[in-house]
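The letters A, B and C name the chains in turn, as written, and every chain counts its residues from 1.
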Amino acid sequence: MFGYTFQWKQALARLPQMLDGAVVTLEIALASMVLGILLAVLLTVFRLSGNRVLAAITTTWVEIARNTPALFQIYMAHFGVASFGLHLSPFTSLLIGITFNNAGYLAENFRGALKAIPDTQARSGRSLGMTPLQSFRYVVLPQMLRIAFLPMTNQMVWAILMTSLGVTVGMNTDLYGVTQDLNALTFRTFELFAIAAVIFYLMTKTVQFGARLIAARLFRY
Amino acid sequence: MFDTSLTVADLMFLARGAGVTLLVTAIAVVLGTLLGIAFGIFRYQVGAVWAAPLTFVLDIFRSIPLLIQLVLANAFMGMVLRWQLSGFTVACAVLTMYTAAFCAEIVRGGIEAVPLTIRRASRSLGMTWRQDMASIVVPLATRVALPSWIGLALGVMKDSALVYVVQVTELLKSTQILITRLQEPLFLLMICGAFYFLISFPLARLGGYLERRWTND
Amino acid sequence: MIEIENVRKSFGSLEVLKGIDLTVNKGEVLTVIGGSGSGKSTLLTCINGLEPINGGRIVVDGIEVHAKSTDLNKLRQKIGIVFQQFNAFPHLTVLENVTLAPRKVLGMSKAQAEEIAVRQLTHVGLGDKLGVYPTRMSGGQQQRMAIARALAMSPSYMLFDEVTSALDPMLVGEVLDTLRMLASEGMTMICVTHEMKFAREVSDRVAFFHKGVMAEIAPPAELFGAPKDPELQKFLAATH
C-alpha cells in the first residue's frame, strides 16, 4: 500500500527507554502543578491584599503567562535568565517555564472561582463566630476547589503536553527528548513518534479519568 | 541593554518571521473554524453515539503534544507517502485540524447552551429547522461561543510558535536564530514577547469584556 | 441584656439608622416590623458586629460590640443570627453544617459536636436528614437547618432577619412553628418579620421602624390594637 516499510518491532524495542522518559515527563508535570498551585494561591492573595504593588505583580504575571507562547516563557527561563549569568539546566528551565505558565492560568481560574461564591457564605461563617481565616478555610475554600477542579485538571493535561517543549532548551530525558534522541539514532521517525503519541495520549486520558474519580469522591453535593 | 548590534536588516528578518506567524495563524483559524463549525453541528445533530468516532479522532488532537502532531504529519507525508509538501503546508494542515478539534467543542457547547424551550418555541411558531438555526440558535450560540473562540484563535497564534519543527521560520524561530548570532537573548526575546503580547492582550481583553457583557443579560 | 443607645448607621450618604434607642431584656421576644428600607434588618447585622456603626453604642451583656478591644468572634458565639437567604454550606451535609462551628470555633470533639447537632436538628424536626446535602432539601428545611446551626453554638440571643421572606407560602408555617417553639422555651429573640399574625402571637413587645427611626414600641395588643403613630396606622392598614 505504501512505498514504505513500517518497522514497528525495531521501534517497540525502545519502549522501555521511552517509558522511563514518560516517568520524567509526569514528574515534571506534577512538580510544575504543585508549585503552580502554590504560586497561584500566593498570586490570588496578592490580588486580594488591596496592596497596589502586590496586585500589579499578579496582573503582570497572569497577563504575560496568558498572552505569550509557552515556548517563549521557557526560552525566557533558559536564554533570558542566562543573560544575567545564571545558567540553568534544561530541567530547571523547563520546570520554571511550565510552572510560570501554570501559576498564571491557575491564578485566573482561582479568581473566577472566588467570584462565583456569594459573599453571604463567608458572612454566614463569620456570624457563627469563625475568624475570617476559618470562614475562608472551611466555608469558601472547599466550594472554590470544586469550581476550580476541572480547570486544574485541564491545566495538568497542558502541563504534560508542555513538557515536550523542553527539547528546545536541550532537555533529553523526558518522553519527547528520549524519542528525539532515539530518532537520531535509528531514523524510525514515524514509528517512534507514533509510539510517543500513544503514550502521551494514555497519560492525558489517565489524568482525566483519575480526576473524574477523585471529583466523584470529593464533591458529592 | 539598548547598546545592541541589531541592524535594520535583522529587524526586517524578525518582521518577516512575525508575518509568517500571522499568516499561518490566519490560515489555520479560518479553515479550522469552518471545519470546526461543521464538526460541531454534526456532533450535535447525530447525537453522542453516532458522533463517537469523530469525537475520538478530534480528541486525539487535544491529547497529544502539537510538536508530535507536526513531526508525525511531516514524517507521514514525506517518508511514508513520499509527497513533497512544503513545511508551510504541513504546518497549516496540522494547525487547521488542531484548531478544528477545539472549535468543534466550542460550537457544540454554544449550541447546547441554547435552551431547548426557546427552540421549541421558535419551531412552534412555524419556523423550519433552517430558520430556527439561522435566526435563533446561531445568534444565541454565538454569544456563548465567541469569547471562547477568541481565546482559541489567540491560543493557535501562540501555539504556532511550534511550527519551527517542520522548518517554518516564524517569529520565535527567527528570534532564536538572531540570538545564536548576536548573543543578546534578553533583548531579542523581549521584542519577540512584546509582539505576541501586543496582539494577544487587547483581543483577550475584548473576549473577557464580551463574556462579561453577555453573561449579565 | 442587649442595650442599644442612639445608634446611627449610614451607607454612604444614605442614613439608614437615625439614632435608635432600645433595650432587650433576657428572655424577651421582640419583633420588629416596618416597610422595606426602614433599617430594621441593618440593626440586626449591627448587633452582632457584622456591620460597623457610625454613632452611639450597642452593649451585649456588658460588652460593647463595636469597641476596638472587643473580640467579635467570641461575642458572636453568644449571638446567633439567621438570615433571609438560608446560606446553607452546600458542600457539607446537614450534620456537618451544624457541627462545623462547634468543632472549629469552640474546639469540641467530633462526637461532642455531633451529639449537640443531632439534638438541635431533632429539635427543629430534621433528625432524619443528617446525611443529606442541603441542596436536596426544601427551603423550609434549609432554613430550619440554619436555625439549628446557630443554636448549636448555645447562643444567649437569637436574631432572625426575615427568615420566612424567601420561602414559598406553603413552607412558612414550619419555620414559624420552630420560632414559636424557641420563644416558648424562653430564648431571647429579636425577629425582623413581615408576619403580623406571628408577631402578635409570640412577641412580648413589637417595635415599628420607619425610615431609620423606631416610631413606636409597645406590647402587641397595644401596638396592633391601638396604634398611635400615623405611619404605623397606614402600615397596618396596608398589610391587613
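In this section, a residue touches a chain if its C-beta (ideal position, glycine included) is under 8 Å from a C-beta of that chain, and two chains touch if they have at least 3 such contacts.
Source: prediction; values computed, not measured.
Chemist: In terms of touching chains, how many steps apart are chain B and chain C, taking the shortest path?
Modeler: Each step joins two touching chains, and the minimum needed here is 2.
Chemist: Starting from the Cα centroid of chain A, hunt down the chain whose centroid lies farthest away.
Modeler: When every chain centre is compared against chain A, the largest gap points to C.
Chemist: Applying the document's contact definition, name the chain pair with more C-beta pairs in contact, A-B or A-C.
Modeler: A-B is joined by more C-beta pairs in contact.
Chemist: Give the identifier of the chain nearest to the protein's overall CA centre, each chain being represented by its own CA mean.
Modeler: Answer by centroid distance: A.
Chemist: Please tell me the distance, in whole Å, between the geometric centres of chain B and chain C computed from their C-alpha atoms.
Modeler: Centre-to-centre distance between chain B and chain C: 55 Å.
Chemist: Where the centres are mean C-alpha positions, what is the separation of chain A from chain B, in Å?
Modeler: 20
Chemist: Between chain A and chain C, tell me the centre distance in angstrom, where each centre is the average of that chain's C-alpha atoms.
Modeler: 47
Chemist: Which residues of chain A touch chain B once you look at their complex with the stated criterion?
Modeler: Residue positions touching the partner: 2-4, 63-64, 66-72, 75-76, 79-80, 82-84, 157, 161-162, 164-165, 167, 176, 189-190, 193-194, 196-197, 200-201, 204-205.
Chemist: Please output the residues of chain C touching chain A within their complex, sorted ascending.
Modeler: For this pair, the touching residues of chain C are 48, 50, 73-74, 76-77, 80-81, 83, 85, 87, 89-92, 100-101, 104-105, 133-135, 149-150, 153.
Chemist: Over in the complex, which chain B residues touch chain A? Could you list them?
Modeler: Interface residues on the chain B side: 60, 63-69, 71-72, 75-76, 79-82, 154, 158-159, 161-162, 172, 175-176, 179, 184-186, 189, 192-193, 196-197, 200-201, 204.
Chemist: Could you pull out which chain A residues touch chain C in their complex?
Modeler: Answer in residue numbers: 120-121, 123-131, 134, 138-139, 142-143, 146, 219-221.
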